[in-house]
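Next up is a structure, given as structure tokens.
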Amino acid sequence: MSEPLLLFRGIEKSFAGNQILKNVNLSIYPGKCILLSGKNGSGKSTLLKIIAGLETPSKAEIEFSGKSHSWKSVIRSIRKNIIYLHQQPYLLSGTVVSNVAYGLRFTHLNRTQRSDSLKEALEWAGLADVANKQAKTLSGGVQQRVAFTRAWILKPKVLLLDEPMANMDYESRMQACDLLKRMKSEGMSIVVTGHDADIFDGLTDKHFHLTEGKLES
Amino acid sequence: MSEPLLLFRGIEKSFAGNQILKNVNLSIYPGKCILLSGKNGSGKSTLLKIIAGLETPSKAEIEFSGKSHSWKSVIRSIRKNIIYLHQQPYLLSGTVVSNVAYGLRFTHLNRTQRSDSLKEALEWAGLADVANKQAKTLSGGVQQRVAFTRAWILKPKVLLLDEPMANMDYESRMQACDLLKRMKSEGMSIVVTGHDADIFDGLTDKHFHLTEGKLES
Amino acid sequence: MEGMLISTQQALHMLLTGDSELWSIVMLSFSVSFKAIILTTPPAMVVAYSLANGNFPGNKIVLAVFNSLLSVPTVVIGLLLYVLLTRQGPFGDLRLLFTQTAMVIGQMMLCFPILVALGYAAINAADRRVKETSITLGAPWWFTMLTVLYEVRFGLLAAVLTGFGRIISEVGISMMVGGNILGYTRNITTAIALETSKGEFAQGIALGIVLLLLAFMLTAFLTYVQGKQEITA
Amino acid sequence: MEGMLISTQQALHMLLTGDSELWSIVMLSFSVSFKAIILTTPPAMVVAYSLANGNFPGNKIVLAVFNSLLSVPTVVIGLLLYVLLTRQGPFGDLRLLFTQTAMVIGQMMLCFPILVALGYAAINAADRRVKETSITLGAPWWFTMLTVLYEVRFGLLAAVLTGFGRIISEVGISMMVGGNILGYTRNITTAIALETSKGEFAQGIALGIVLLLLAFMLTAFLTYVQGKQEITA
Amino acid sequence: RLATTTSTDNSGLIRELTPYFEKRTGFQLQVVSVGTGQALRMGQDGNVDVLLVHAPAAEKAFVEAGFGINRRAVMFNDFVFAGPESDPAGIGGESDAVRVLQKIARGKHIFVSRGDDSGTHKKELSLWKKAKLKRHKSWYREAGQGMGRVLQIADEMNAYTIVDRGTWLAFQLKLSLKLLAEGDTELHNPYSIIAVNPARYPGINYLGAMSLIAWLTSVEGQKQISNFIINGRSLFTPVAINN
């Protein structure tokens, strides 16, 4: 196998004295997809949030380019390349377009590139019809689709998806899977959580199970 | 088949000029379970909310005990027997116990009965461990389980469940299905929405599909 | 500047050694304003909730009225109340003018629109699912209201603190319908106004600092309680 | 009562026929308070956001300080500013006493804690996912701040309206550092205070009603805009 | 810039005089109307140029401390006793101020005091001292407000009070109180004008201040003062010329 892009080592996390994660190690390889399963409350979302820099671990180290760093010291610079998709996504006030385009203004794309990728994304996700609707009035499944599109349009190096398809209909799931496969082939690393392994058939390269704070493959 | 408990006739609903539901008829029989499927944004949640009296239809009639009434005139008295479970449930501030017990104070049960059924419910749902945790700090799947428990503990005549198991792990799903089967056998009517018909195997008696505002079986 | 420090020291010393005149003024301030805020909060919350949830037509206009009532100077409220309570006025027979009761009534009039406007904003920001969940679980309307109010309690606390700050610091009403009568209706703010008119600026500021410190103790306590709740929320 | 009606009629008539003295007083009130609120809002929002999101240790204490500053009487702020701006005071050389600039500064001091306290409450009620979503999508901190502020804009609007109502209706600061000089620093509230001290209650109330009506037009407009936004939100 | 007591401003005198003065001298008059104590304080701080006040003892101290110069008597009016029409204390027609107070105190009739260290309040206190009477909270109410408001409070309470004639004439018609006792020379109320010492504050508009003093004490100014009439009575008696 090639070099890992990022290596998270010794992640520990406690909430109010309850240790949720115990010495978890996770390597993220470019162009590979990891499926993370585990019972409700086992810590899947917490782990993804720590990797995304949205939750502070009690302890963690990050290794890349052959060097080890403390989580605190490098997470800010790393998280630019990592996008986390909430299990229950939050759509911002405004239209579907403004939500999907949100992150584009922080990229180095120019105007035409932005509007091109925006158009392509809406088309792909089947959101062209609702493009100008207020995002908060959408149905649960469509909201999830919008959040999904809002994340992958940025083509980050690492995409963390927290049960991204739980509320999607069959067609949308297939579409999303196709999309992820394409991104993978372009070198993106993906970590996805879910309770139905079969949804992600043909997409995942590795399957980890989280039990009692520990990762098992 | 026996008499329907409730018959909703000619439900229509528009949002901002968009007609979502077109002349939908739905009969709810005691002790039967209906599965409602449909693409994202097809109107499943909207239909359930109208039945629960939480969303106002443009037009609708309700028939029961052989008489037809306008939705507006009777929904307030009817909705006491109907409970709707949100697709993305909202847990109130407070512990898991206080959430699950919320509706009990409006029933005719006495103190001991209440605490008995509370205990039983927590046990059944596997929530005894987290009973005294703050509900808002729970993981997504556990929150869904709490909301589920909070609804069925009241044993309403009609239970409307909007994708109740999307975020639950395998075990919890099996448990919830068992529970619903028991309730059904005690005469409860259930309407459930979802994208994976197989989750509800052996539970549903009828399967309707919502397309372009119309119900098809 | 120096005078200010000395006066503040003096005032604090008087406060700590239990100077009865100063204490009676301080106690009067707080007791009047406490009564006013406690009597006003429940009806104001009900009105705010109705405005946020009712869909009666004049909704927005009523809200705009309450919002513009925020701009009414206290002395105008004092004047209106004076006109109502004066001997030949409609409620003259009650002989309420220049009593603490009149001050309480005036302060209630002052903080009512504040509590409604800010309460409305807080309630309106509540997730719509709160109300729906409560209703579908069988709660009667008033319990649903309490549930929603409880969910937005921090916003409501801010509203109440703002209302309290407004009335404990107001002087127009207290002066106008209280009369600043020593031992009867003199509170901190009218005492400050008096010192100011005498040119005793240092003493005015000193009294202001006394008020500030007491208010700080009160809000620090409330913030502490709020903080404790938040940890577990 | 009758006198009140007549005076109000007179005042409104003067307003509509463009009586220059009345208009200059009204314009002065609004221009001073507008300047104050516009200058105060941005820094207050930044402070409120930092308090709600920063996890520096003194957080809660700073918040309690702002909350208790809500209880400072305007005349005390006026006195403090007077002591600062007076000839031999630290800023005496600026010759700001009895100018509109001094009034603006005083009113800014008055509404700053209000905007911080209420802004904090609104921002704190925001869903934590707003901030997380913004950060993970690559927004720099200031854009994340703007996103959060935009999500809670109705709460912030309520805060700003409350702050504006507070300063346009205050009299202690304007009187103390403005001086109520006709044509220079006389605004509606100091004019009301003057009429009141003359015993011309009807005229005081009439001026109050003028202020109320103008405030109503302003807030009705804002509520209308807010309402329009909400429909599409 | 002139700082004056509210009583002169409220009576309308200053407003009446301003245009004459501005036309004659070309100076603009900005009036800050506050209590006597606050006016003196503003002069002491150098925030105004000239003061028109009525508290002889405090004025003297002010000048002696070097804050003000050129103190000139401008005019006087007098104090009167007002009370309810029924006059339970029976002070009606009394001309001896001390006797009036004795009657009020003996009957424990409610008396409303300014209680604000103003010129009027100081005068009242000196009268109580002269009468050697103890006052008790149950009937002696310290209101701590301006003269007009004290009159209204006394009116509401059916109480007695002491008031300067200017305010009395201005408020008379709005009250059910009656003027009951007047005329004692003890009850004179002299107003003086004082320029703020320019040596202390270089930016003081000393020229303007002196112009106002000169004009107010000139024949024209004094004539305008005596021409100021409310309810058919001249309010202030000019004293600068005849003395």
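Each chain gets a letter, A, B, C, D and E, in the order it is written, and its residues are counted from 1.
Everything below uses one rule, namely that a contact is a pair of C-beta atoms (placed from the backbone, for glycine too) under 8 Å apart; a residue touches a chain by one contact, two chains touch by 3 or more.
A quick note: this is a predicted structure, and the numbers were derived from the prediction, not measured.
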> Which neighbours do chain A and chain B have in common?
Replying inline: none
>> What pair of chains is linked by the largest number of C-beta pairs in contact?
In response: C-D
>> Centre to centre, using CA atoms, which chain is the farthest one from chain D?
In response: B
> Counting only C-alpha atoms to place each centre, which chain is farthest from chain C?
Replying inline: A
>> What's the distance between the Cα centroids of chain B and chain E, rounded to whole Å?
In response: 80
> If you average the Cα atoms of chain A and of chain C to get two centres, how far apart are those centres in Å?
Replying inline: 49
> If you average the CA atoms of chain D and of chain E, how many Å lie between those two points?
Replying inline: 36
> Counting only residues that touch at least 2 other chains, which ones in chain C make the list?
Replying inline: 193, 196, 201
>> Could you pull out the residues of chain A that touch at least 2 other chains?
In response: 88
> Can you list the residues of chain E that touch 2 or more other chains?
Replying inline: 146, 149
> Name the touching chain pairs, would you?
Replying inline: A-B, A-D, B-C, C-D, C-E, D-E
>> Under the stated contact criterion, what part of chain B meets chain C in this complex?
In response: 49, 52-54, 79-80, 82-84, 86, 88-90, 92-93, 102-103, 106-107, 134, 136, 150-151, 154
> For chain A, which residues are in contact with chain B within the complex?
Replying inline: 15, 38-45, 87-88, 130, 137-142, 144-145, 162-163, 166-173, 195-196
> Which residues, counting only chain E, touch chain C once they are in their complex?
Replying inline: 34-35, 37-42, 115-118, 137, 141-146, 149, 153, 155-157, 176
> Across the complex, what residues on chain C touch chain D?
Replying inline: 1, 4, 60-61, 63-65, 67-76, 79-80, 82-83, 89, 114, 117-118, 120-122, 124-125, 152, 154-155, 157-159, 161-162, 164-166, 168-172, 176, 188-189, 192-193, 196, 201, 204-205, 207-209, 211-212, 215-216, 218-220, 222-224, 227
> Tell me, which parts of chain D touch chain A in their complex?
Replying inline: 127, 129-130, 132-140, 143, 147, 150-151, 232-233
